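Chain naming follows the written order as A, B, C and D, and within any one chain the residues start at number 1.
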Amino acid sequence: MKAKVHITLKTGVLDPQGKAIEKSLDHLGFDGIGEVRQGKVIEIELAETDEAKARAAVEAMCRKLLANTVIENYAIELS
Amino acid sequence: MKSAIVVFPGTNRERDMAKALTLVGGTAPTMVWHGDADLPQGLDLVVLPGGFSYGDYLRSGAMGARSPVLDAVKRHAEAGGYVLGVCNGFQILAESGLLPGALMRNRDLRFICRDVHLRVETADSPFTQAYGAGEIVRVPVAHHDGNFFADEQTLMALEGEGRVAFRYCDERGLAAEETNPNGSRDNIAGILSANRRILGMMPHPENLVEPALGGTGGRPLFESITEALS
Amino acid sequence: MSTAVPITPEIVAEHGLTPDEYKKVLEIMGRAPNIVELGIFSVMWSEHCSYKSSKKWLKTLPTKAPWVIQGPGENAGVVDIGEGLTAIFKMESHNHPSFIEPYQGAATGVGGILRDVFTMGARPVANLNALRFGAPSDPKTRHLVSGVVAGIGGYGNCVGVPTVGGEVNFHAGFNGNILVNAMTVGVAPKDRIFYSAAAGLGNSVVYVGSKTGRDGIHGATMASAEFTAETEDKRPTVQVGDPFTEKLLIEACLELMATDAIVAIQDMGAAGLTSSSFEMASKGGMGVELALDSVPMREVGMSPYELMLSESQERMLIVLEPGKEEMAKAIFDKWELDFAVIGTLTDTGRMVLTWNGAVVGDLPIDPLAEASPEYDRPWEPTPKAADPDLSGAESVSWSKALVQLVGCPDMASRRWIWEQYDHLVMGNTLQRPGGDAAVIRLDDAPGKGLAMTTDCTPRYVKADPVEGGKQAVAEAWRNLTAVGARPLAITDNMNFGNPEKPLIMGQFVGACQGISEACLALEFPVVSGNVSLYNETNGQAIPPTPAIGAVGVLDDVDSSVSIAFKGEGETLVLLGGSAETEGSWLGQSLFLREILGREEGPPPPVDLSAERATGDLVRGLIGDGLLSACHDLSDGGLLAAAAEMAMAGSLGCALTLDGTADVARLFGEDQGRYLVTCPPETAEAILFRAKAAGVAVRTVGVTGGTALVVNGEAGPSIADLTGAHEGWLPTFMAG
Amino acid sequence: MKAKVHITLKTGVLDPQGKAIEKSLDHLGFDGIGEVRQGKVIEIELAETDEAKARAAVEAMCRKLLANTVIENYAIELS
C-alpha cells in the first residue's frame, strides 16, 4: 500500500514559511490573497496490504517520528 | 566534572564544545556515539552539541531525539543528572520532550550566523550562576531553526518559574522585536527544565570563550557548570 | 539494452565529438564504438575533462616553489605550512548549473570542491566563494543571489565547514551567465596525503558514498539515444546535493585514511564513474575491470551507459590494499554509507566494463588519454584602451561620491551574504568575513594560522587581460599580506567566453600571461585550478574573470591585524605606490564607473617589483607588532580604504594630503598600496624602515572623531557611511 | 475559495530528506517500508470566487514562486 501523511501546523502556531509566501505573492502583484500556510506530505510505500494494520503502523510512525505534536497535526491517507 | 558529548551523524560542533569544556573546565569530555545504548558511568554532565544531526532533515532534532542514546540521556536526566543542549542540542531536547516548546524555522527563513546580545534572565541555575542576573553578554548564533515556540500556558509556566535563562536583546539589554533575530516568542533564547538541571539554548557560548575569537561572553556558562559540578 | 543503440553521425554530434575527433575514436578502437564507449569518449574528451582549448596555456603557469608538495594535476594542490602540516586547496566553478537551479547548483558546487580536498586526506577547514551576478536591475538577479547564497550556506553549514570569505560583483555582463566559484581549504599531515594513481595488480576497486541515480546525464544525448515513450520519466535530472551524506562521507573517509588501507582514492566529480576510474587507471598505468551491475543504484532499470555517465553526488572511488575490504566496509557501515567492491585492477591497460557477466565496453586507456585533443586556438590580443574621458570629475563632491561608492553594488557590505554562512563552526575563525583575508587558527599547530582570500577585478581584465591577470594575483597576495600572512600559493578559476573566438581566446592567453608574471615575481605559484569556458549568452561573452583563490600562513597568528581602526589619535601611514603617480589612476576605476558613469580606459598597471618590496615590508612591520591596523587599497582607492577602516572600527579620521586633494588622488586605484595605522610614537620607525626598503611612504592623517575629514573639510559621518554601506544589499534583496 | 498546492519532487530527483526518513523509520523498528518521499502542501485562501479564474491565478503563482519546476511538479486542488 501507499500512505500519504499530511502534516500541518496547528492553528495558533505562527507559520514563518506561510507568512513569507504570503508576502512574496503580494509583492508579485497577486491580490485577494488571504492566509497562506505551508505543510508537509510524506509518502511512504508499505509492504503491508491490510488497511487497518497499515493505518495502525503509520499512526505509530506519526507519533514516534513524522509529526511533532507540540506544533503539528497529521492526517493519514491510504491507497 | 565528568562530562560527555553525544555525537550524532551530522553533528558538527562537538569539537568546538569539547575545546570550550576543556579550556574552561580543565578536563576533556568523553565523546559518546549516538548508537551507544549507555552513557559512561558516573557522568555529571551530558552535552548535546550543535550541528546538523541527520542533516536537519524532516525537522531539526527530530531524528536525533529518537536515537537509542536519547533513552540513556533521559534516564540520566530523570536521575537528576545535568544536561546542556546547544543549538541542535536544544532542538533535540525539545523534540524529545525533555524541554517544552519547539524550534521552528527562523522568521526571515534565512540561516543566521552573527553575534547577538543576550540578557541573562536568571543567575539561579548551575549553568548561569557565574553571570549576574540581568547581565548582558555577547555570543554568536548560527542556526536556521531557532524560532522558539510554546503555547501560552507553557510560556506562563516558564516565566513564572523563572525558567527563561536567556533572552535576545540589544547591547543595552532591550528585548524587543528589532532585537529578536529569529522570531522566538518573547525573545527567548534559552530555557531551563523544572529542576533547573537541563538547559537548552540556541546561541553558541562555546564559540566565544577566548579573546582571540573576539570575546568571552560564553565563558561564564562553562565556569558555572564547572563550579556547580566540582 | 543501451549497447544496441546504433551509432549514427547525429548521435556522434550530440555527444559533442567533431567528425575529426570521431575519426580518432575509430582509429583507437579499431572498430565502431558502442554507445557506452562513445559516451566515455565524449566525456573524457569534453572541454571540461580534457582542457583541450586551455591546456597549451595552462602549462605555462609557474607551479613550483620549495613549499609546493603537489601542483596542478591532482584533485587539489598541496603546500607545506610547517610543523608537519600541509594546506590542500582548490577552487572550482559551478556556473551553468547555478544559473539553471541556483540553490542546488551552488550547493553541489560546494559539495564537489569539498570532495576534491578531503579526497587527498585533508580535513576541510574553510570554504570561500567568488560570485558574479548580473546587474541588480536584471529581473533574475535577486532570485539568483538569493538561491546561490542559500545553496552555498545550506551545504557548507550542514557539513560543518566554516565559509569565511569570498567576493561578489554585479555587472550586466553576467546577466545571462552568472559565475559561482567555490573554494575549499583543508589541512592534512604531510606524511598522510592521498593520491589518485591506481596501483597493485588484482587490488579491489571500491565504490563508497551515495547510490547512483540518473542525475545530470547529458540531456540531448539521452533524449535520442535511449528515450522512447517513457521520456518524461527518464528525463535527466538536476543534481541535488545531500550535505548530510557528504558530512558522513568526510568522517568515514578520514577514518579510513587513518588506517593503512588506501592505495588510491578519487572523488567522482563531473563525469562521475567514467572520469574517476579512467583517471585512476591512467595515472597508475593500470587496467581496470568494472562490474557495473554491482554499482549501488538508486533507481530501477538503470543502464551501463547511465551508470558510467551519471553525476550523482557524494560518491568516491577507492583502490584498497589487498585484504582490507572487510575493515573498510565496517567503517562505511558504521556511517551508514554504501560500500561495494565494483572491480579490480588489471595489467591489460584496458578499461573493461561488464554487466551481469557480459562485456559492454572495452577501451584502451593510454591511447584514449594520449589522443585526447589539444588545440592551439587562434587568438588576438585585446587592443589597448584609450585614455578615459575624465570630464566632470572636477565638479564632483568627494564627500557625496564617497557615500555613493561605499554603498554601490560592488562595494556595499556583503554582510547579508556572510551572515547566512556559518563562518564560526570549528571554533577557529580569528578574522571573520569583512576584512582583507579571513584568518583561521589550526587545531594541530597551536599558534599557527592560515589566511585566505579570493580576488579578481573583471573590469580590469576586460580592458587589459595581461594587466588584469597580474592584478588579480597581486591583489590576492596583498590581501594575505595585509593580515600579516606569508602568501604561499594560489588556485585559479578561469572563467571565460567561447574560446573559438580569437578575441576571447586572446583574453585567456593574456590573463595566463599576466598571472604567470605575477606568480613568478611574487613567488606565488599556481597549485590547482579549474577552467570554465563558453560562458556566453546570445553570443555575448562574460567579462573575463580569472578568479584567484589564495592561501598564506601565519607562523604567529597572534601578530595578525585587522582593518579596523583601534583607537583615537593613531597615525595613518600610506605605504607603496610611487610619489609621482600617486592617486592619479582613474582608468577603469570604480569612481569613473559609478560616479561619472563611464567604463573606460586602461586599468592601473601593476609594478611587480614595487608590489613585492611593499608587501614584504608591510608583512615585516605586522610581524614586528608595529601596526595596529592594515588595509590594502583596491576599489575606490585611498578614501574608500580609509572609510572601510573607519566603519570597521566605528571611528573617524582626518586625512591631510600635501597639495590639493583632488578626486583622482582620493579615488585613484593605483596598485600596490596599503593604508596602515600605528601609535604616533611608532610612526618614525615605520617611515625609517620604508625608506630603507625603498618603499614610498607618507603619513596621511590621524584617527579620531566621528566623521571622515580631508584637509580640514568635513565629509560624511561614520554613521552615514555605514548606513549606505550596510544598507544596499539588504534593501536590494528585500526588493 | 481555498487552494491546496501539492508540490512533489520529480521522479529521478534525489530526495535526501525522504531517504533519511526511510532510514530513521527502519531504525525505529518499522519494517516493510519501501521508498519514502517528502513533498510540500501550500494552502492559500483566495478572495476569488470563480473557479476558472482562481485556478489560473494559482497556476501563475506556482510557476512564478511556489514550485521550482526544474526539480518539482505541482498539482492544484480547489475547494
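Simple rule for what comes next: a contact is a pair of C-beta atoms (placed from the backbone, for glycine too) under 8 Å apart; a residue touches a chain by one contact, two chains touch by 3 or more.
Everything numeric in this text was worked out from a predicted model, so none of it was measured.
K.L.:
If you tally contacting C-beta pairs, which pair wins, A-B or B-D?
P.N.:
More C-beta contacts join the chains of A-B.
K.L.:
When the C-alpha atoms of chain A and chain B are each averaged to a single point, how far apart are the two points in Å?
P.N.:
Each chain reduced to its C-alpha mean, chain A and chain B end up 28 Å apart.
K.L.:
Any idea how many Å lie between the Cα centroids of chain A and chain D?
P.N.:
Each chain's C-alpha centroid was found; their separation is 10 Å.
K.L.:
Rounded to a whole Å, what is the gap between the Cα centroids of chain B and chain D?
P.N.:
34
K.L.:
Averaging only over C-alpha atoms, locate the centres of chain B and chain C and give their separation in whole Å.
P.N.:
About 36 Å separates the centre of chain B from that of chain C.
K.L.:
Residues of chain D that touch two or more other chains: which are they?
P.N.:
Within chain D, residues 16, 20-21, 24, 28, 38 contact more than one other chain.
K.L.:
Two or more other chains in contact with one residue: find those residues in chain B.
P.N.:
As it turns out, chain B has residues touching two or more other chains at 54-55, 57-58, 63, 66.
K.L.:
What are the residues of chain C that contact at least two other chains?
P.N.:
Residues 242, 244-245, 336 of chain C each touch two or more of the other chains.
K.L.:
Throw together a list of every chain pair that touches.
P.N.:
A-B, A-D, B-C, B-D, C-D
K.L.:
Would you tell me which residues of chain C are touching chain D in their complex?
P.N.:
That would be residues 100-101, 103-104, 210, 213-215, 233-235, 237-242, 244-245, 298-299, 312-313, 336 of chain C.
K.L.:
Which bits of chain B are touching chain A when the two form their complex?
P.N.:
It comes out as residues 58-59, 62-63, 66, 94-95, 100-102, 104-109, 147, 149-151, 183.
K.L.:
Which bits of chain D are touching chain C when the two form their complex?
P.N.:
10-16, 19-20, 23, 68, 70-71
K.L.:
Going by the contact rule at the top, pick out the chain D residues touching chain B in the complex.
P.N.:
Residue positions touching the partner: 16-17, 20-21, 24, 27-28, 38.
K.L.:
Along chain B, where are the residues that touch chain D in the complex?
P.N.:
54-55, 57-58, 63, 66-67
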